[in-house]
Each structure stands twice: as structure tokens, then as C-alpha cells.
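Per-chain numbering from 1; labels A, B and C assigned in written order.
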Amino acid sequence: MNPLRVAVAVMRKDLVSEWRTREMVPALAQFIVLALLIGNFGFQIDSRNAPSIAPGILWLALVFAGLVAFGRTFAAEREQASLEAMLMTPASPVAIFAGKALAACAVLVICEAVMLPALTLFFGIPFSGDVVLAVLLATVGMAALGCIFAAIVARVRARELLLPLLTIPLWIPFIIAGGQAVQSAMGLPGSYDQAIGLLIDFDILFVVLTSLAARFVLDD
Amino acid sequence: MNRYEKAAAAAVALMLVAGAAIFLYAPTDWLQGPVQRIFYLHVSSAIAAYGCFTVVLLGGLIFLRTENYAADRWARAGALVGVIFTTVTLVMGSLWAKKVWGSFWVWDARLTATLVLWIIYAGYLLVRRLAEPGRQAARIAAAVGIFGFVDVPVVHFSVTWWVTQHPGPVIVNDALPPQMLATFLFTMFCTLVLAAVMVAIRYRIETLLDARHVLIEPARVVTGHQPEAAR
Amino acid sequence: MSIVVADGITHWFGRELALEGVDLTLDTGEHMAVLGENGAGKTTLLRILATALRPTAGSLQIAGLNAFREKRRLRHYIGYVAHAPGLYPALTASENLRFFCDLQGVPGSRVDEVLDIVGLRAIAMRRSSELSRGMQQRVALARAILHDPKLLILDEPDASLGSDAADLLGEIMRDRSVVLATHDHALANRLCPRTLELRHGRSHGTATRLHVVR
């Protein structure tokens, strides 16, 4: 069995399903806009303090949108009883997991394409490639971790409750490094290059670790 | 008294001796005053907690390789006791912080990393509670334990990095006077004994619970009639 | 020669005993029905036989291999139809099957072949959310034979299939070894020479057709 073929097939299946039903992306985009709205009401944002508050709102919105996106991707398979059908084939569980993680990551990236311009629009902060790069790099590692834990809690009662409890602590390194990168990209002190370097290190570490764990989490 | 009660009594006695050493033998810190005495148990229980979480990691890894439920029971016992010692560390640390730094909580690297540690392993216990007991629960819990253990140094490193980006309180540890060092080493020893006894007792409890769930090794299940404990 | 040898299969869900010391042998090409009330343990037994679930105790050999240790090698050997069809609602019937061709590593041309067998060629392009329960069940049957398995494990496949259930199942089961769970004694009689009756997770013996009928 070619693992690449399996991963691509799983990812394409998830993305085609999403394209046809258009469930996740509009809901998540709306969710993100609402989070920005709450940030605005909660913080009294003006042009002076926007660069120090906007990064925080960005990461809060991203974390919660990510939890919904990754939780949904395995919960849907469970509800349809299709996860078992996939696992009953000779396809490698790691390849299946990779396909699902890639699809969930793509959905979140599309939502980020809504969030970053909205952040500029609402809070008047500069939109830069540096911010986009930091957010994308963080998304990769967060997707790997988020999906492995979504797969774990899919077999447990009260999964909506458990997913954030397990996932957010493990996302903290990404939030720290990503938060630092975005802050310095928005003109606050701190080293941007060092933060990006850390994000890349964390991405590599957790992508490798989740691939190793996927076999034990999905199989059986 | 059975051997668990004896071990528990011995551990408690040791802790009382350690308490005497902390309050009677160790000198009062000239800068911080009596509150510095928190240090001995605070650091000891942090080390005991790390030890417990190492048991969780090893138990999980061994279970994944050998499917031996005893390893999983050690992991469960270690997680519970580790969370208790992490709680002790956090509570004592924030009492100390209130006196020395003026607030119960500061976003210091060690504090933040310890808080994350607590959250991860409290999550581990929740997984154990919510998952149907059995092979699957043991496997996913092993994965949580492994991720948690790997994440702790990463969190610690990234928070330290973050703290140096944002200057904040830093604990400076001078070399300890010999009497303080002796007290600390003795307290650490007693705390580790206490933790080991607690893990052993919890392991025994988990074994009894497993016998009710029939999670003993398959070879020991006699097919054809219900095992005694499950009736 | 026996293709399936299950010995002392016992399974606990937490504190619930689902199966207790069930023994079963299936010869190559043999069809066996598993009968029993709801909750008798039929689904649990079938999931174990399909290697989707590992029992608490007991041993299982399929095609001479230890089914717990070597289940990955047995995947191409077993076709399993679970209780729920497990289709992706937004994909068409043929896309669902096409996807599983990729996972099974069989050419996409198998899709049309299996759709012909279950008589669904005409609705291949309809989304599975628009299909009736019976049609979904047919797609699930088609998916189980994509890779032409030697051993079929069917969990109440007759549910919602309609009047020609027996003909369709007979067609699919031909030249394969089959374990089939059902409520329908008449169907079991027609398709399976041998039956295994489960009551409260225990085997109440196997019977040949004669015993069941008379």
C-alpha cells in the first residue's frame, strides 16, 4: 500500500466533503469574526494599544477555532462509523492520520485567510507577510497535535470537554513562540527570527512525535 | 498490620522526622526569614512529582510494547500520586511567592511550566475516568502520558525563552549552607519514600479494581464461568 | 480445512460481560449464521472475528495466522460489513467506493464491478445522504467485497435490504467463507447450513440445518 496515495485520498475525501456541504469553513469564519468582536468590546481597543492587544486576540481566536476544526474531523468519522471502515483496510493508520490532519490544517488555513484581513480591518494593524508566516508555521504543529488528541478523545465519553483540556497545554509552546513572532512583526520588542526558528523546531518535533504515536492511537 | 500499613506508617514517621529537621535543625534564612523553610518540602515534592511522571511514561511505553496491564497500573498509580505532589508544589510555591514576591502568582518560567504539568496530568486522570476501562483506555492514556512528558521540557524551555524576552522575576539560588543542604537532602529522601509508598498502595488498589474489571492477563481468565471477583 | 478457529472468546466491556468462552470453527467455504436476541453478543463476536476488536481473553486463528498479532496481514483477507453502513454522506456512492479502492490498493475499475453485483449501477452518481437505508446497505456490501476477500463477516446485512435480500446475499457469499449475524431464522436457514446460537454472551451450541428446521 502506498502511504502517500492513502494520505492524499483521505485528504481529498475530507476536502471534497467540506466543499460540498460547506459546514466547517463558514461556521469557523463566523466564529473567528465573533471572537474579534468580543475582543473589541472587552478591551476598548484604539490605534495606540491595538498592536499589543491584537496578537492576543488572534491567538485566542485561532486556538478555539482550531479546537472546533480538529475535534470535528474525527467526531464526524465516529458518527458515521466510517473510521472503523477505514481502519479495516490494509492502509497504514499513520497515512490515514496524516491525510486527516492535512485536511483539517487546510480548513484552518482557509479560516486564517479570513481572520488576518479582518484583524487588519477591525483593529487597523499592519498586515504583513511576517504575521502570515508565523501563523502558518504555528498551524502546522497545532494541527498535528490537535488531530492526534481529537483521535484520542473520539473514543472517550465527553470528548468535547476533554479535547481542550488535553490539547491546549500542549499547544502552549506554539502560542508562546507564535505570539512572540506576531508581536515583534507588529512592532513590539522581541526577536522575530528567533521566534520563527523556534516554531520550525516545534513543528518538526511534534510532527515526528505524532506520526510515531498515530499507530497506537488509531490502530485497534 | 499488613505490609502496606507498615510501609505507610514508616513513611509518615519519616515525614515527621523531616518536619522536625526543617523546623528545629535547619537554620533560619537571614534574608527571607522563616518562610524560606517552605523550600525544603516545596522542591522535594516537585522532584517526587517528576519521579511519578517518569513512572507514567515508562509504564505507558512498556504497556505499548508488551500489553502487560501491570505496567498500565503503575502508570495510573504514578499519575494520581504525581498530580497530588504537583498540587502540593504549586500550593506551597504560591504561599512562598506571596511572602517573597508579594503576590501568589507570577508568570515565572518554573511556575508556568509546573502549572502546565499539573494540567496535563490532571487531563490524563480525566481520560482514565472517561474512557471505558480496558486495552484501548490503556493505550490512549499511554499516548497522553508520553506526549505530556515530552511536552514538559519543551514548555519549560519555551517559557524560559519567553521570560527572558519579557524580563520578570528570577529566582537566584545561592549556594546552600551545609545544614540547609543536609535538611534538604533528608527531606527529599523522605518525600521520595512517601511518594513510592503512595504509588505502591495505589498500584495495589488499581490491581483490585482491575480484578473487578477482569483486566488481568488473559491467560488467568478461566473461560466458561465468571471470575470470582466479578460475581 | 478450517479458515477460522476461535477458542474461548471472552469479552468484557468495563464490568459488563459481553461474551463468555465462545468457541467457533468455520471451514473453508462454509457459511455460518450467528443467531440471538438483541444484546446476546452477536455484534461483539463479529467485530472480534473481523479483527476490529480484541477480546479480553481467548485465541483466534484466521487462515492459520494469529489474528491478534497479524491482523494487518489479514486485512486483505477479510471483508466486514458493520451494523452501520459507514458511508460519507457528501460523497456519491461511487466516490465512496473509489475512496476505499485507494485505501485497499485495488484499481478503481473494481467500483463498477461491485456496483453491478449489488445492482446499484444506476444510482452510482447520487450522494449517499440521498440514498435510502437499503441502498446504503448495498453500498456497504459492495465496499466489503471491493478487495475480493476470502472471508466475509456480515453483521445483520439483511436489515433494510428488502425482499431480494436472500438472493443478493447468496450472490455475494458464493465462493467465500461467511459468518453472518441475523435475527431472521428463515434467512439463516436459507443461506447457512450451520448456525451458532448466542444467549447472554454464551454459545448455546451449533446446529446443522436439520436441527433448526425440525
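Here, contacts are C-beta pairs under 8 Å (C-beta built on N, C-alpha and C of every residue); 3 or more make two chains touch, one makes a residue touch a chain.
Keep in mind that what you see is a predicted model, and the values were worked out from it rather than measured.
Colleague: When you check each chain against chain B and chain C, which touch both of them?
Modeller: A
Colleague: Of all the other chains, whose mean CA position lies farthest from chain B?
Modeller: So the chain farthest away from chain B turns out to be C.
Colleague: So how far apart, in whole Å, are chain B and chain C when each is placed at the average of its C-alpha atoms?
Modeller: That gives a centre separation of 47 Å.
Colleague: Would you kindly tell me how far, in whole Å, the mean C-alpha position of chain C lies from that of chain A?
Modeller: 38
Colleague: Once you find the CA centre of chain A and the CA centre of chain B, what distance in Å lies between them?
Modeller: Taking the average C-alpha coordinate of chain A and of chain B, the gap between them is 31 Å.
Colleague: By the touch rule stated above, which residues of chain C touch at least two different other chains?
Modeller: Expected reply: 54.
Colleague: I need the residues of chain B touching at least two other chains; which ones are they?
Modeller: Residues 135 of chain B touch two or more partner chains.
Colleague: At least two other chains touched by the same residue of chain A: list those residues.
Modeller: Residues 220 of chain A each touch two or more of the other chains.
Colleague: What part of chain A is in contact with chain B in the complex they form?
Modeller: 145, 148-149, 152-153, 155-158, 162, 165-166, 168-170, 172-173, 176-177, 180, 189-191, 194, 198, 202, 205, 209, 213, 216-217, 220
Colleague: If we count contacts the way the header does, which residues on chain B are in touch with chain C in the complex?
Modeller: 132-135, 212-215, 218-219, 221, 223-226, 230
Colleague: Across the complex, what residues on chain B touch chain A?
Modeller: Per the stated touch rule, the residues are 64, 116, 119-120, 122-123, 126-127, 130-131, 135-137, 139-140, 142-144, 146-148, 150-151, 154-155, 157-159, 161-162, 165.
Colleague: Which residues of chain C touch chain B once you look at their complex with the stated criterion?
Modeller: 8, 10, 12-15, 17, 20-21, 54, 56-58
Colleague: For chain A, which residues count as touching chain C in their complex?
Modeller: For chain A paired with chain C, touching residues are 1-2, 5-6, 9-10, 13, 16-18, 20-21, 80-82, 84-91, 96, 220.
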